[in-house]
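Provided herewith is a single structure, encoded as structure tokens, for subsequent inquiry.
Chain lettering (A, B, C, D, E and F) follows the sequence in which the chains are written, and residue indices restart at 1 in each chain.
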Amino acid sequence: MNDTTTRRNERVVWINGELVPESSGNLSFRDAGFVYGDAVFDTARTFNGVPFMLEEHIDRLFKSLRYAGINPGYDKAALIAATHETIEANRHLLGPDEDYWVSQRISSGVPSFEGETPNREGATVVIECMPLPLKARAPMFNGGIDAVVASVRRVPPEALSPNAKTNNYMNMKMAQREVSAIAPGSWAVLLDHNGHISEGAGCNMFIIIDGVVVTPPTETVLPGISRQVAIDLCRETGIPCEERLVSLYDAKTADEAFFTSTSLCICPLRSFNGGLYPNSPGPVTERLIEAFKNRVGMDYIAQYLQHLTDGPADTGI
Amino acid sequence: MNDTTTRRNERVVWINGELVPESSGNLSFRDAGFVYGDAVFDTARTFNGVPFMLEEHIDRLFKSLRYAGINPGYDKAALIAATHETIEANRHLLGPDEDYWVSQRISSGVPSFEGETPNREGATVVIECMPLPLKARAPMFNGGIDAVVASVRRVPPEALSPNAKTNNYMNMKMAQREVSAIAPGSWAVLLDHNGHISEGAGCNMFIIIDGVVVTPPTETVLPGISRQVAIDLCRETGIPCEERLVSLYDAKTADEAFFTSTSLCICPLRSFNGGLYPNSPGPVTERLIEAFKNRVGMDYIAQYLQHLTDGPADTGI
Amino acid sequence: MNDTTTRRNERVVWINGELVPESSGNLSFRDAGFVYGDAVFDTARTFNGVPFMLEEHIDRLFKSLRYAGINPGYDKAALIAATHETIEANRHLLGPDEDYWVSQRISSGVPSFEGETPNREGATVVIECMPLPLKARAPMFNGGIDAVVASVRRVPPEALSPNAKTNNYMNMKMAQREVSAIAPGSWAVLLDHNGHISEGAGCNMFIIIDGVVVTPPTETVLPGISRQVAIDLCRETGIPCEERLVSLYDAKTADEAFFTSTSLCICPLRSFNGGLYPNSPGPVTERLIEAFKNRVGMDYIAQYLQHLTDGPADTGI
Amino acid sequence: MNDTTTRRNERVVWINGELVPESSGNLSFRDAGFVYGDAVFDTARTFNGVPFMLEEHIDRLFKSLRYAGINPGYDKAALIAATHETIEANRHLLGPDEDYWVSQRISSGVPSFEGETPNREGATVVIECMPLPLKARAPMFNGGIDAVVASVRRVPPEALSPNAKTNNYMNMKMAQREVSAIAPGSWAVLLDHNGHISEGAGCNMFIIIDGVVVTPPTETVLPGISRQVAIDLCRETGIPCEERLVSLYDAKTADEAFFTSTSLCICPLRSFNGGLYPNSPGPVTERLIEAFKNRVGMDYIAQYLQHLTDGPADTGI
Amino acid sequence: MNDTTTRRNERVVWINGELVPESSGNLSFRDAGFVYGDAVFDTARTFNGVPFMLEEHIDRLFKSLRYAGINPGYDKAALIAATHETIEANRHLLGPDEDYWVSQRISSGVPSFEGETPNREGATVVIECMPLPLKARAPMFNGGIDAVVASVRRVPPEALSPNAKTNNYMNMKMAQREVSAIAPGSWAVLLDHNGHISEGAGCNMFIIIDGVVVTPPTETVLPGISRQVAIDLCRETGIPCEERLVSLYDAKTADEAFFTSTSLCICPLRSFNGGLYPNSPGPVTERLIEAFKNRVGMDYIAQYLQHLTDGPADTGI
Amino acid sequence: MNDTTTRRNERVVWINGELVPESSGNLSFRDAGFVYGDAVFDTARTFNGVPFMLEEHIDRLFKSLRYAGINPGYDKAALIAATHETIEANRHLLGPDEDYWVSQRISSGVPSFEGETPNREGATVVIECMPLPLKARAPMFNGGIDAVVASVRRVPPEALSPNAKTNNYMNMKMAQREVSAIAPGSWAVLLDHNGHISEGAGCNMFIIIDGVVVTPPTETVLPGISRQVAIDLCRETGIPCEERLVSLYDAKTADEAFFTSTSLCICPLRSFNGGLYPNSPGPVTERLIEAFKNRVGMDYIAQYLQHLTDGPADTGI
């Protein structure tokens, strides 16, 4: 299979400095990223093919690396350049009305052991593009997300910080699997170790009470880039916004609620633990969605809805 | 490279039903085991080349699978057979006085996404042999382990159960990295969310107080196979043994202490948080070590010490 | 309406020493039982019309009274006698294959206030019969209960003891309402403040792991009378039984599980948080059910199943 | 007894749409408000016979209803109208220098059961007037309240939110009973599950440190209407006011302290856990009391003191 | 003042190897025992002038020393001998029907600083005799102790172990001061950080429920020597005894309760948090008191009661 | 030894109103400050011989006294005067480039017991001067402090408030001993009971993230006088400063960090838990150090560095 063919048919992935077809994008079964989940990552998305706030994502990635004690072997500029290179190499495979998730994943590499040096030393660095799950999540923009609190609690910061994006995602997975099993199609929300709302599985949660937008402080949640955009948009549009502890009472008695994430941007909640929000999406959410569209220069909801089918909603987590 | 050559030079690894040379033992960068650490594993060891308590390890593996919600696609008998097959295929590469760790690792596989089906469906199953780290750990048998409590706390059971052996090992890694940075050569011990001793990084801890052997209950620790052997050996040799909460006070004022793990069997502690245990290894530990040797039919400590060099102790975690 | 008529048509309720038709069984809107839920209760059931372990229920009731600081104004013997009197007065209204719940509820009465003495002083004591919800719960005996963990946590003992049966049941109600909303027909299980399994809504939970019956200790659960019967039956039938902390891992990886309560006696679980138990009801559960039937002298499951209809399961809580 | 007589002699209570004499104001012993305390309520008071901030109380009531999952069957306007109707019907019974507490209590009603439909369906709604306990509490305005911390901790928000006013008041009752037993005449204060000051039994607590008014944030306390008035009065009178965690140290070393509640408005503390506040009531408290009097258009303290007798202080809780 | 005079008039104290009159028993204001409370201690008592279980007390003292990291500069035998020497030197000052508390207190000494060496190096060791507070505590044996739970919680083991007897007693002092202020004459009980009963101020607590003696496990309490005697006496007299968590519910609903301490031996509780125990002292307590008297060869309660005056009870803590 | 000689050779200490040579500065072995650590203290320092913010220290001392329930027997003015008197009496003993720590320590005195009145009643008050540990700590200013988190957790406020400076310092001592044993020369940092950064042993911690200075709120730390100076200096120099929870993630990923204390003023951290801060001391720390020097009118770092020797760093705690 030559380059030209590949170029037509298959995405490529950047692994340790080289672009290879995804189907050849392999890692050793001894990679610490597999054996221990000993890796960190970050994920930006494109709008109209252009990555959004890539620098902020890379900044956060380097904080995750420092927290985890993993030396990536590249500086920020190099990873930003490689990310652009990877996007360009895959751009022609984007369908109409599609966009990419673009992720950097960096594990601590393959450990040497008892004098056996692995084939390569140093961190394993992977940069990859993935079409956004527009089809699977379109139903969520067609009525809103049903959020359900899992019995699984978020790992507390003293054990592993939710501020770092690590590949140790089983806590999130376990929560989502539980919720998917008992309430198919719903999206898991995790409480922190004190019983406050922390995060949805892979997203931040906002509620609106009496005209004030509220989201949990970063002590027990990922400092989401889209979360920060939403906060900034509140300020810019004159909507009061507070970062404070959010209780089950708050979430149940709120007027409106939404999730933010790189892929979702802002997506309204229809219900929380089985209780419907009145008139979802509510007026404050709608104002923020409009502001978000302006900010990214694209009607991202229309993009989702163009992929709407009869299939069930799927969080993809 | 033909089969005969491989047989001479390189270990093989069993991946999804096939034995391949380890250097070709690759997994997709999209494997959930890499992306999320969404995998469970178990590890037995051989004594004189024979795996010890393999059935118990496989039983625990299937509990981990059930907890995690991962369907391996194989039953217990099949995985036991494949494990034996893998050992046999690698047996000729064992050096004198060496033994294998043999591990099964099972991830939830490569997720399908937006209609893109991955090359293969179902779980990813890896079975591999690894020579025991006899050299790196020999110093620990030559004086005892220096245990140091990390500030990182063990993930609480409500977030992710310590009873399941999952590939989400960053909590352990973070603890060990912290301890290695501030007290090189020491082995990390983690406290549970209530401040009791839970586990060493990858091992169980026992203390001896006034002639009684004490180890934390399984609520916050892995139910180690070697831990159970040690408990059984206490009963068989008439040494009182209790499973109860162990505090920092208990650990500091104990007469003796030891770790158990698949590789360590029973290894004495020399010190705890900088305080030396008197006369390590103490008499009760020595009796249990003798009993352990009898149980496995081998002087495992002599095996370690044959590999002793001037190099530093290395937990390998 | 004369006594004879009443006798034919309507159950009577014992209120403060008098039997009155249930439709006239009224309490002041100022009763502390209504205003504060400031009341305790206990509930026995009949088998073939005979109350089971009534003395044990009354003993527990008096512990609840002492804990709450409520003086009932009656001694144990008087309440037992009144309970029998109430059962007798209602016995003729039991249909075939029916039995009664019989409850004592005692509030602190109507508070006097600013010199306004209420019509009556002292505690409010109600003793009432209620046909068992055989129809609503029959489906649970026809396949097993689906247990789902609520996000609502059990009130901790330092705030209000789960050992006392108080009328402050909103914690249970909130849990069941949440579960009923997201997984209709399922029965809520609550975790305690540390994340261990405590109770089902109004029932105790048992699991069977490797042949051992396990149930949470009474620190965070009601010391159920039926729970104690189940423990005693284990001892009598030679099945090992432990009272120890039960984690989500334990509940998910158990071989079998069941609830006990006054009405359910022993009822198997079909699933826990969406994960099916293999071969429910399992062999240990079945042995205990048989022993329970012998103990109470009646096939209580057959009784339930005679009331089976097409209607949905309803916990009635 | 005819209507006219009743009008002269006895208050009336609004129950499910009808005004009846209080002595006939009965509820079924099967009402969920009695059986489970499954009800919410709110209580305003009158000043000179006029209800104060009734709309705010009704707004909070509807949040409590939504939290509890109880449908009242009336909208806000209807309950406000019914409240005014009830006050009017009882106004002639107010003595000189008296005022009313006016409460709405809404339970989930009488559950249907096994096909037995109760006499009426839907929520039970009670609206009632009660003279303020001016006599019992007058001593508290004649020297200040002695506050004592109970060993009973406030129910944590993850179990039942303190933001909702539910009829599950036993947690408060247990605290007050304990304090009344060991320190008669004192008022119970509860700590939250983390050991911070939460609430007094039925009231909010404020302290003044170095000229700053401090009160716990609403995470673990009722968002009291009078609490909000006090905060607003601080702002209006230029006194700095903070909502932040209050520790035992803060409460013990404060310069002044006071309670707020619907009935108390602002009432100074004389002592906390046995330690006297210097010069109670302090200057900041007195300024706020004056501002409160202006706000409600009445010297509410004079009203209390007109009812002062030799009798002991009684919290009435 | 010559030796003979001293011998007649004043007790002596053993400080760092020398017996000196108590009025000359001084320590530097720079002693770490004063500056930091950086010291440990143990206290035995005499019966008829003979120290009881001195060896057990010294064993525990050496565990405290090891925990605290203080090197006393003496071995166990030397401290036992010095203790006997101190008792003998003070024996003639014991009045009739009196006995001594005898304590060893060992601080880490006077720290050297910036090259300034203190006058003496090494630990500060004090051994002293003190007449038992027979008068102050006699009222407690004349009716029983009133126990009241303080709002102050016991320091958790992760911060400072309750198993070690350190001179950091402010936690206990604060609890007792609070209780003495709000309920004069009562004895403070502290809850642990989870809300379970831990210890009385300077004593262990036992309750009797349904014929079973129960006391908290040593996780959060001092392993009292008298506590162990009481446990042993249960076994010897055939009374079932359990070490398990004790809740507020347990303490309130128990049939009997008592404290143990070196000075109190076994002393019944009259009330707990204001609730009277029926028929205190109860039959089980009385049996254990008899057994205790036999064990120590003396009617220690009669000794107390011979000192009974009209004065108030005083815990002396 | 006459007064003149003393004046030349030895510092004096103020004890209960009298200045005595330090070698005669003795306290009874029965002083509650020794027996229980039942004492509070405060410590200011001089710059060029002039005490800094003495009034603020005395204000805090009186809050500690009130919290502890100790009556000093002196008012603030008297203690300030006595402090100045003590400094003056010792001033001639200050070497060049030296300064004093000046401390007030107040214990509850010598308890009376069973009618034995101690020689003196009332509190024990000690005021003393101590040369700053310039030599021991000079290395910390020559490269920065290595901070290491102890496994010992800070005593929680519900047990003993960190806001009060009490002589119960074993919690701090245990943490520092642990850290000194495993990482000699490092300075201990304690986490609070929730796992957030609280304090260094005897100092407050600040971090700088993205240009913002952050320090933990006073809920779980001493409200340090130097801490407040640093906060004020931020405001005065236009550097944003926040008091908010600081996690291990924050501390590990910060750009800079420093400690504040009376003696250290502002001292940069070189590393945290083994991870180096880039370019320590960072630019924000250096700006604040400059501002601090201006505030106190002295280059306090130069003073330290003039005492630099080859000796090891020693926290002196």
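Everything that follows uses one rule, which is that a residue touches a chain if its C-beta (ideal position, glycine included) is under 8 Å from a C-beta of that chain, and two chains touch if they have at least 3 such contacts.
Quick caveat: nothing in here was measured; it's all calculated off a predicted structure.
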{"item": "Proportion of interface numbers common to chain A and chain D (over half same, under half different)", "value": "different"}
{"item": "Greatest separation from chain D - chain, by CA centre", "value": "B"}
{"item": "Distance-maximising chain from chain C - centres being C-alpha averages", "value": "F"}
{"item": "For chain C paired with chain D, centre-to-centre distance based on mean C-alpha positions, whole Å", "value": "33"}
{"item": "Whole-Å gap separating chain A and chain E, where each centre is the average of the chain's CA atoms", "value": "58"}
{"item": "Inter-centroid spacing, chain F versus chain D (mean Cα positions, whole Å)", "value": "45"}
{"item": "Overlap residues in chain F, where contacts from two or more other chains coincide", "value": "69, 151-153, 156, 158, 177, 181, 191, 195, 248, 275"}
{"item": "Interchain pairs in contact, sorted by label", "value": "A-B, A-C, A-D, A-F, B-C, B-E, B-F, C-D, C-E, D-E, D-F, E-F"}
{"item": "Chain D residues touching chain E - in the complex, by the definition given at the top", "value": "148-153, 178, 180-183, 186, 191, 195, 248, 273-275"}
{"item": "Touch list for chain F against partner chain D, complex", "value": "63, 66-67, 69, 156-158, 161, 163-164, 219"}
{"item": "Chain B residues touching chain E - in the complex, by the definition given at the top", "value": "191, 194-196, 244-245, 247-250, 252-253, 275"}
{"item": "Touch list for chain D against partner chain C, complex", "value": "13, 15, 22-23, 25-31, 33-39, 41, 68-69, 105, 107, 111, 113-116, 119, 126, 128, 130-131, 133-136, 151-156, 158-160, 166-174, 177, 181, 193, 316"}
